[in-house]
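The structure that follows is given in the form of structure tokens.
In this document, chain identifiers A, B, C and D correspond to the written order of the chains, with residue numbering beginning at 1 in each.
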Amino acid sequence: MEKLSFRHTTRTALPGTRASAITGVVASGNLEVLLERNLAPDACHVEIDTAIKGYAEVWAAVVADFVARRQPGGLTITINDGGARPDTVSLRLAQGARLMELP
Amino acid sequence: MMDWRQERTARDARLVRARPHADGKIVPSARVVDLLEAILQPGDRVCLEGDNQKQADCLARGLSGCDPARVHDLHMVQSGIVLPEHLDIFEQGIARRLDYSYSGPQGGRIAKMLYGGQIELGAVHTYLELFARYFIDLTPNVALIAGVSADRDGNLYTGPNTEDTPTVVEATAFKNGVVVAQVNEIVDRVPRVDIPGDRVDFVVEADTPFYVEPLFTRDPGAVTETQILMAMMAIKGIYAEYGIRRLNHGIGFGTAAIELLLPTYAERLGLKGQIATHWALNPHPSLIPAIESGWVKQIHCFGSEVGMDKYIRARPDVFFTGSDGSLRSNRAFCQTAGLYACDLFIGSTLQIDLQGHSSTVTTNRVAGFGGAPNMGSDPHGRRHPSDTWMKAGQEAGGTGDPALRRGRKLVVQLVETFGDKLVPAFVERLDALELARKLNLELAPVMVYADDVTHIVTEEGIANLLLCRTLDEREQAIRGVAGYTDVGRGRDHAEVERLRARGIIRRPEDLGIEPLDADRSLLAARSIKDLVHWSGGLYEPPAKFRNW
Amino acid sequence: MRDKMPLDTLLASLFPAGHAVTVADGLISGEGPLTDGRLAVIGIDGDTALGLEGACFLAGCVLDVVRAGGGRPILVLIDSDSQRMSRRDELLGLNEYLAHLAKALLLADAQGHPTIGLLYGHSAAGAFIATALATRVLAALPGAHPSVMDLPSVARVTKLPLETLQDMARSTSVFAPGLDNMVQTGAVQATLDPGKPLGPQIAALIADSPAVDTRDALGRERGGRPLAHDIAAQVVREAQVVRGAQDRVMREAPGA
Amino acid sequence: MDWKPVALSAESRDQSWYEASARARLAGLLDVDTFQEFIGPEQRQMSPHLPLFALPRAFDDGMIVGRGRLDGRDVLAAAQEGRFMGGAFGEIHGAKLVGLLRAALAVKPAAVLILFDTGGVRLQEANAGETAIAEIMRAITQVRAAGIPVIGLIGGRAGCYGGGGLIAGTCAHLVISEGGRLSVSGPEVIETNKGAEEFDSRDRALVWRTMGGKHRRLLGAADAFVADTIGAFREAALAAIPEAPSFDLATLEAEQARLEARLERFGDTRDATEIWGRLGVNDPAAVPSLTTEGFDALLDSLPEGSHHAR
């Protein structure tokens, strides 16, 4: 297991007022993402607990792209990862952001 | 005086030695070893029929049971190294030299034996190459083949899995060789004659029906959202764009996803009748919904697929069938069709390098080629135009009179950037090169050469390599769809954005596709059971694919 | 590890004045005198696997006691294997038979027949749940060896080396086989003293038996299940609080 | 026979139960937007034991419990996530269900629904899981004795195995789909312990014929057979509430008679098709390929009605 933590500053806050959302399942090659709106509107923290060590750089890149694309300001995002591939991670993050934007 | 009949004389002598073990042409399975020891001579070229589907397994066991003191140093010339016996005979000293094409499940063991020097390797071929060499310099002395049934005259019914048999028999029987067939049963009258009896010398009634691997069955239940996304991109960004009607699919889950999206996603795009109408393809169960929805005009098959017989019999407008109603497949013809008469090949691979060379070889597995390189190459012998072919040729550019510019076949690699266990599909250097070095091969085992690949589709986007004008552009186009692999992260971001502006790289959003819409509910069938329902109960899946 | 107490010895200690307990095909049934009344006895002997017929027979014995009424306590003596593993048992619905036996014991207890389990040998998996673990109070004799799965099998499933698991088993009780570990989780409430007559010890267990399920509280006290009790209690608390929609976490949409 | 393929729809109640996540099942099963979770994922009550094995944890430990409405009636519901650790019972996973059942005694819902999806006990927490299963079974009988139906729904990927099978056998009413499997020992467990001659776990037709939803319904081990949609499970759960038997001596005596009769009648059979034949099914071999409608028609045509005392 490896714990990773990323802190980003965003230009804007993520739209919507949902307090929290969860998507995905912890399974082999899959992950769950818990999103909570509890930070300053220009902050985004991502905490990851992953089953597979040694992919910190890939995680950093995936998270940075997600933050740049979605501007998830205000969110703490906590991930339990069962060894998902980066594309699955991107998909879940996007799904989570969409849930948080729902009215 | 010159003796022009030495081979014929030798053949006659083999037959004389073998007669005591046969009743006419019929040999009981208990006498297989005696028969083979009587026929075979040291150093013979032998084709033991077996490919990625059916196996002459009874004869393989028989060959492996021969006394190495009597039968040794054989030169095996066969499509598939699939059964354990195929390699046992090398360990036993029965066989020494090997020319083959495909080795799937034995890929690991064959690599070890090559490395250990137990096998003297001629070459790893594509199917068509090996078939071609049967008629030039690798003509078998003895062919050991498999069929469903035979009559006492040796007339052979191969059933839906005709596959390589006509080719192997043609090369052997008409060049003084001996043909031995194993069949599941001896009958008074075969349902249809796939091989005329005068080309078959002996018929062995096998102890068990020949084995067929259900290699082309993909459970829709295992298709992932990522594969659906890629299938959507391929349909919208390539099939629709080029109007692809004549095509061949690989056997992966990505292409299965495309097949399952035709009656749903592609239907919504209004593409029915415009794409995917004529196929060189095995009878993939995952194509049933598209067939039932009227998408498919016709399909010619390399072989058959376990459980599809009844369905095929009920759809003679779509499939090639015999007078008895069952499928007639033929690997040599279908490979030729895939090479010359199809405008697109799309398949998966394990590794792609920065130029676009791809390989399914890893450092400790030699899986062989099978047919993919025949499908996945641009045939320079092609002369007939089609809109697809011409458009691709135009994109590839060139100088001189347009009427002198040949078209291009579309060769598409559909790959997820990471495979199982987070192994990257994009690499700086193919493992095939390391393998070639270790084994002293002149040629690295490359599945599809870079100059044949036209598009790479990943979950990140489509790279159109036809439009690249320099090697640098090509490298950045590949890096630009290589996701978060080292190769992908090593991209020049500005250059990738320029390529995107020129349409060389297209992201899902550039194609009007929202990745979050890539949902399993888009699949026309989400389980094997759904396929059974689509087929009206005609598809009978093997037990291992059932969950009911 | 101590040897398990043979059934004859156990019965002699339990019923010094004699009893009417018999064993057939590894299934124990009968009764004997206990202080001021009679004690019904069922169980499994000889490391026998519990299958359809056994579960059906034992459940029938329990229901007979319930039908007769009178509050006669039921002692469940266990030295069993796991559930019987066979195609036939599963074909005919072993889960129903085992659950039925457990329900019979739970019904008996609810209707005033105190149920006491006494583990004197092995037990595992479904057989354990259907018998000993379905009683109000579960006691064990030293030498008993309950297990959900043996360590080599755990090693196979978890793909961890056996030595690693053996090391881990020394520091954590939650997964490893053995009586001590089941005591720590609270599943086995008491260990009896084989050196003293068993009758009075059983009678005392009946007298002291808790009205409610205290196994998770015991597990917390003993450290074998640090969180189970508090989690269950928290669910009970939250279920009694009416919350507004505002507090809710946005759940994944169906199909997502 | 109607061979139409499954409908394509994004409507939540048309979604496949088998494919849906535990949360999606709950969302579609209950009245829209009525589910309220207890110990939600934001509380991060995760397994304290999995890190020892270097295994990833889940915020809900694979068990989601809470309350909601079913056609306007208050119910409590628990759903196992079969993809996380095979839906297996660990300490927290089990304790959440124990708590839910205890809560039922206090809040008196119209029913408790258990959405099974489990391989049994989580080996990494085996003792805690095994004990929790015993606590759950005891609690279920108490809830039932209080007059509250406990209804089990089985149709997930992991099936309902091991201790899960025993818990299911303790419920008042079971709903199962074709993909659902209900058993104690799984095929692989039997094969590992007794050999492939006893049970060839790769013969999936055999697996489903022996443990699958259709057989369980025909045998009387489940009360209702439904199509693999969330909506179908919802309808069946609703219909089950008034039908659930009470938990008393009469019910268990009836069950005893039912189980003894089954042994008497089918004890000598080797294969499910023999049982189906004796039940009056004309073409037992065709049963696995029947659609839900075809299977319903078959059930209606059988000479005996259902007698599901449990």
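We adopt the following convention: a contact is a pair of C-beta atoms (placed from the backbone, for glycine too) under 8 Å apart; a residue touches a chain by one contact, two chains touch by 3 or more.
Predicted model only: the values in this text are computed from it and were never measured.
Chain D has the C-alpha centroid lying closest to the overall centroid of all protein C-alpha atoms shown.
Chains joined by the most contact pairs: C-D.
Among the other chains, B has the CA centre that is most remote from the centre of chain D. Computed centre separation for the pair chain A/chain C is 44 angstrom, with centres defined by C-alpha atoms.
Centre-to-centre separation between chain C and chain D, using Cα means, comes to 23 Å. Distance from the chain A centre to the chain D centre is 33 Å, each centre being the mean of its Cα atoms.
Along chain D, residues 10, 15, 21, 23, 41-42 each make contact with two or more other chains. The multi-chain contact residues of chain B, meaning those touching 2 or more other chains, are 519-521. Residues of chain C found to touch two or more other chains are 249, 251-253, 255-256. Of all residues in chain B, only 221, 264, 289, 519-522, 524-527, 529-530, 532-534, 536-537, 543-548 touch chain D in the complex they form.
The residues of chain B lying in touch with chain A in their complex are 225-226, 416-418, 421-422, 459-460, 483-484, 489, 515-516. If you check the complex, the residues on chain C that touch chain D are 52-53, 56, 59-60, 63, 66-67, 83, 85-100, 102-104, 106-107, 110-111, 125-126, 128-130, 133-134, 148-149, 154, 157-158, 160, 168, 172-176, 181-182, 184-187, 213, 215-216, 219, 224-229, 231-236, 238-240, 243, 245, 248-249, 251-256. Interface residues of chain A, counted against chain B in their complex, comprise 52, 55, 57-58, 61-62, 83, 85-88, 91, 94-95, 98.
Touching chain B in their complex are the following residues of chain D: 1, 3-6, 8-10, 15-16, 18-19, 178-179, 202-208, 212, 214, 288-289, 291.
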